[in-house]
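Two complexes are shown next, each including subunit A; its partner changes from subunit B in the first to subunit C in the second.
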Partner chain A sequence: MRLGRTATILLLLTPGIGLIVFFIGAVIYIAIAQSFGYYNLLGESGYSLEFWETLTGRKAYARSVRYSLYVGFWSAILSVALAYPLALWLRKPFTGSLTVSAILKAPLLVHGIVAAFLFLNVISFHGILNQFMVWTGIFDEPRRLQNDDNAIGLLFLQVWKNMPFALLLLTGAVQAISDDVLHAAQDLGAGAWARFRKVIAPLSVSAMQAALIIIFIGALADFTFQTTIGPTNRQSLAQYMTFFKERGRWNDAAVVGVTLMALSLVGAIVLAAAARLIFRGRLR
Partner chain B sequence: MLKKLLSATALVALTTPAFAGGHLSWEQMTEKAQNEEGEVTWFVWYFEDRFREFTQQFTDATGIKVIIPDGDHSTNIDKMIAESGRETGDIDVLAYGVDMLPTIDNALFMSLANLPEDAGRISDLVGIDGGDVALAYWGNQTGIAYDPAKIADEDLPQTPEDFAAFWTANPGAMGFNYENGGSGPSFYMNILRTLSDVDFNDGETSPEKLAGIDGGIAFFNEHAENYEITASNADSLTRLSNGEFTMVAAWEDHMAGLQNIGEIRDDLKFYIPEMGMFGGGNYVSIPKNAPHPAAAQLFVDWLTSAEVQTMFNQQFGTAPMHAEADDSAALVSNAMRERQMPWAKKPFRDAVEERFIEDVIQER
Partner chain C sequence: MPAISIIDVVMRFDRFTAVDHVSLDVEEGEFVTLLGPSGCGKTTLLKLVSGFLQPTEGRIEIEGRNVTGVPPEARNTAMCFQSYALFPHLTVAENIAFGLRQKRLPAAERRDRLADVTGQVDLGDHLPKLPNQLSGGQQQRVALGRALAVRPYVILFDEPLSNLDAKLREQVRYEIRKITRDFGLTAIYVTHDQSEALAMSDRIFVMNGGRLEQSGAPEEIYRHPRTRFVADFIGSANVLDAEVVGEIGPNLWQVTTALGPLAVSSETGPAARRIPVAWRPETARDGAAAHNTVEAVVRHRSFQGHFTDLIVDAGTTTQRLQLPRSAAREGAQITFSIAPEDIAFLEPDA
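Up next, the complex of A and B:
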């Protein structure tokens, strides 16, 4: 009886979840198989560790992994860190709060490539920023700000684009915390930081985890910002994968793709676990 | 001009006898293309928006609609290969870089022998013979774009040593890309070629052969502080035009096209250094399983005509791919074009690119 019920539920779910599992599973399977030498579109197919061995020995691969993790991690952390105070500020409606909230969320409506080119215009050699800095006398002459080696410009753009998404998730979560709880904490002597650390953060940790994970995965796989304003002396994993794909080297591209998927999974788990451990003191 | 072209086409059509073996005469082909097929799909990976406008002339003249989907170079080629097993594919006419022809199975293309005879057409570009399956329609050349307000013609660097001297005297004044376009790769590969004894025209690759470019790799690392890496062909030219650079690696046709539409300053100039830089162009071919083969042949005939090649030269700054076309709008003289070098052959070229990224870019 119990088995029959489970089977019925699975059958009912199959048209929706089944298709998703099938299509995503097929893509993941092909990528993994290609990374081990199968499905070679232009040459011989067959099991081989050659592609993993060759690529993992490359400086460009190791640097891509480190760089993508750097961008993913800091984009997620900075976006959430910036979104929290804004979410708390907007927790209680006030005159103009709707307008402020709408303006803060406006970047969600701007496509990434458009934002990248706008940003490029602002920081270019003769862009507004350089002109302003020269006018104020802070710079003696225009400076080369685009494609900076530490990806500061890229991180700025990632946070600009992703912070509103974190804000969207966190606003709902902090609004759900009742005033009674916060007042009780205040009565017990908790200051602003303690209220955040011991009440607000633990109660909104699920939204925080969702924001961290989604932003991390998106920024880890960044291609658009990287190819426009990212450093030119290193490649993101998505860029590195495209580099191989454009040369018809599908097996090498698959190695990078599988690495990207694995890092997304592991990184998301680590970030989610760390957030819960730090703010709730336990994993469950 | 178009009337002349159509008259010529009609004349040829009327005087061309039916081909033996059941092939259609050109007249029958034209009629089939116009009355039965009515459209042609051209897979070209660059300037799609501008080609949509340009090919409207073909539509106006023949009534055949030209469809140009968006797609990048390798994706278009991969698509043709992937659907080669289908009886009817999606691609009528495929455009691709001349250096890609040796990497594609030529048996996938149909013969272009049915086209009206025209001795001015080019089917052998930079030593890569298109046989009867490929015709050149776009000639291009890499070189150095420069700002004449900042450097005199007689001071332009011509050799690797000249470039090193320029970099040292003008740190950060020159930029080139290593991806998102071939102008930068052409620049650094010709430096590597000039500083080595390696044969870049031989596609064979080996660790020993790659070691032959050690001197060039050291050259770039030694001067790393004094040149800039840009994000793409377009980024290089935009920053040159904005006054950030004195010179950048560029494509002649790309630069002329941007100048023609006012995207970059029209006082910028272009030259090919004496050490030589890669040039070549693009071929068009018709896959054997093209859905509209007659319209495709009519389109290729139009695209490779002297009239259209002259228009390409005027509007896009290309090197015309027809002996009778006018090339007066080109950015470089014919004498300077003698410095053109054929692109390094694959897979050696890919190996050099990978080594440059690994041993120069990753060291920055």
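Up next, the complex of A and C:
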């Protein structure tokens, strides 16, 4: 009876979850298999560590890993750091709060590539910012703002695009904290910072973790922003993977792809654990 | 010197006046209740004392110090909330110790106080549990313990029992009163439940429309309501519009009402010729008497255990009486009487 019931449930779930598991599983399987020499479209297929050994020995690979991690971590952290005070500010409705909230969330409606081109118009050599700076006399002549080594422009754009998403999650979480709970903390002697650290942050840490993880994974694998406004002397992992794919080197591309997946997993765990550790709010 | 002085306090929210020129003093160790219907301003007044709201006008003093602009965290008060407001991510022990940590007390003292308080509120077995693992009554005790642990000068209760069932409410009511007495705490208790106020308070402040209607000991408020509102709100008294005929004896006044002519005993006498009078349903006596005998027809009967609640048509009005062991059925003719000393003159209507 129990077996029959379990089988029925599994059969009912198969068209939905089954397809999702199949497609995700298939992609992961192919990527991992290709990175170890299988499904080789240019040569002999079979188990081999050659592609891993070759790629991990290259400086370009290590640079890409470092650069993508840099973009991923800072995008996630800065987006959440900016969204938190805004979410707290918007926690209680006030005159105009709906408009402010809508404006802050507007970037969610703008496609990344469009935003990147808009931003390019602003910071390019003959862009609006340079023209303005020259007009005000602050710059003597236009400056190259686009290809900065630290990818400040790229991070700015990542934060501009991702902060509203973090804001959406965090606003919901902080709005769910009752006034009474915050009043109780205040009544027991907790000032603004103590209330944030000991009550608000622990009670919204799940939303914070979700925002950090989703933004990190997106920014880690960013291709659009990087190719449009990113520094030309840096290569993200997504760019690196495309580089191999365009040359038909699917197994090398798979190594980069698996690296991206592994970094996403590890990075997400690190961010989630760090957020929980820092903001757990336990008193013991 | 009073423990708390509220001096001519006004609280306005835009055009709405929630608290309207209220002044009152609470003595040290006193347990006072702010009693009134929803929206009368009692919780607003409590939030003004705790510091969550700043008054539009007036001044609040605690221990003789003007605390009007002082934030809640800097006031020597602790509050028990209607919703308990426990920190859901912290254990019972951590909830109780929260205020102690904020005060940066040494670990040994924190441990001692935690042990003291958990003993007082009987939560020793629940210290490692999270609030969602406790019953409503236990959560209320944690909230009480958390407030007591910081040893505040004033403890404030915002309808703390309204989420508990009737039996538990009575038990926790007794515990709250015992603990505040044991700790010698000055307490302000907000409720709309008159039985709670009457059972727990040293003094009751009845509020209506943002104003204080009457204050006094529970017996005084119950037996000598001053206004139509207080008479009606506490104990659901029968209020009648009366016209004074004259004095018919020492401290005895004859009035005409919709119930018929009544004799009213009063030392001070009526304040006006047309004046409301009130009498309580439980003061009615079965049968005739020397004064105030009334013939009535039972319209509705409700057996309540130790008394029977009767709604009767008498004279040209409908009244409520509570008689012990009444066998009268609906439609039956009954005779009851009210002693002159059980009828009170109220303040004339404005």
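Throughout what follows, the second predicted complex is superposed on the first by the 269 of 284 C-alpha atoms of A that agree within 3 Å, B and C clash if a C-alpha of one lies under 4 Å from a C-alpha of the other, contacts with A are read in each partner's own complex, and residues count from 1 in each chain.
In the analysis below, a residue touches a chain if its C-beta (ideal position, glycine included) is under 8 Å from a C-beta of that chain, and two chains touch if they have at least 3 such contacts.
Predicted model only: the values in this text are computed from it and were never measured.
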| item | value |
| --- | --- |
| When subunit B and subunit C are modelled together on subunit A, clash or fit | fit |
| Subunit A as apex of subunit B and subunit C, Cα-centre angle in degrees (nearest 10) | 150 |
| Which of subunit B and subunit C A:184 touches, first, second, both or neither | second |
| Contacts of A:202 with subunit B and subunit C, given as first, second, both or neither | second |
| Partner chain in contact with A:228 - subunit B first, subunit C second, else both or neither | first |
| Touching partner for A:75 - first (subunit B), second (subunit C), both, neither | neither |
| Which superposed partner A:194 touches (first subunit B, second subunit C, both, neither) | second |
| Touching partner for A:34 - first (subunit B), second (subunit C), both, neither | neither |
| Contacts of A:246 with subunit B and subunit C, given as first, second, both or neither | first |
| Minimum C-alpha separation between subunit B and subunit C after superposing on chain A, in Å | 48 |
| Where subunit A meets both subunit C and subunit B, residue numbers | none |
| Interfacial residue positions of subunit B with respect to subunit A in the complex | 72-74, 78, 81-82, 103, 172, 177-180, 228-232, 239, 242-244, 350, 357-358, 361-362, 364 |
| Interface residues, subunit A side, partner subunit B - complex | 41, 58-60, 63, 124-126, 142, 144, 146-147, 149, 227-229, 232-235, 243, 245-249 |
| Subunit C contact footprint on subunit A (complex, rising order) | 178, 180-181, 183-191, 194, 198-199, 202-203, 280-284 |
| Contact set on subunit C toward subunit A in their complex | 50, 52, 71-73, 77-79, 81-83, 85-90, 94, 97-99, 101-103, 146, 150 |
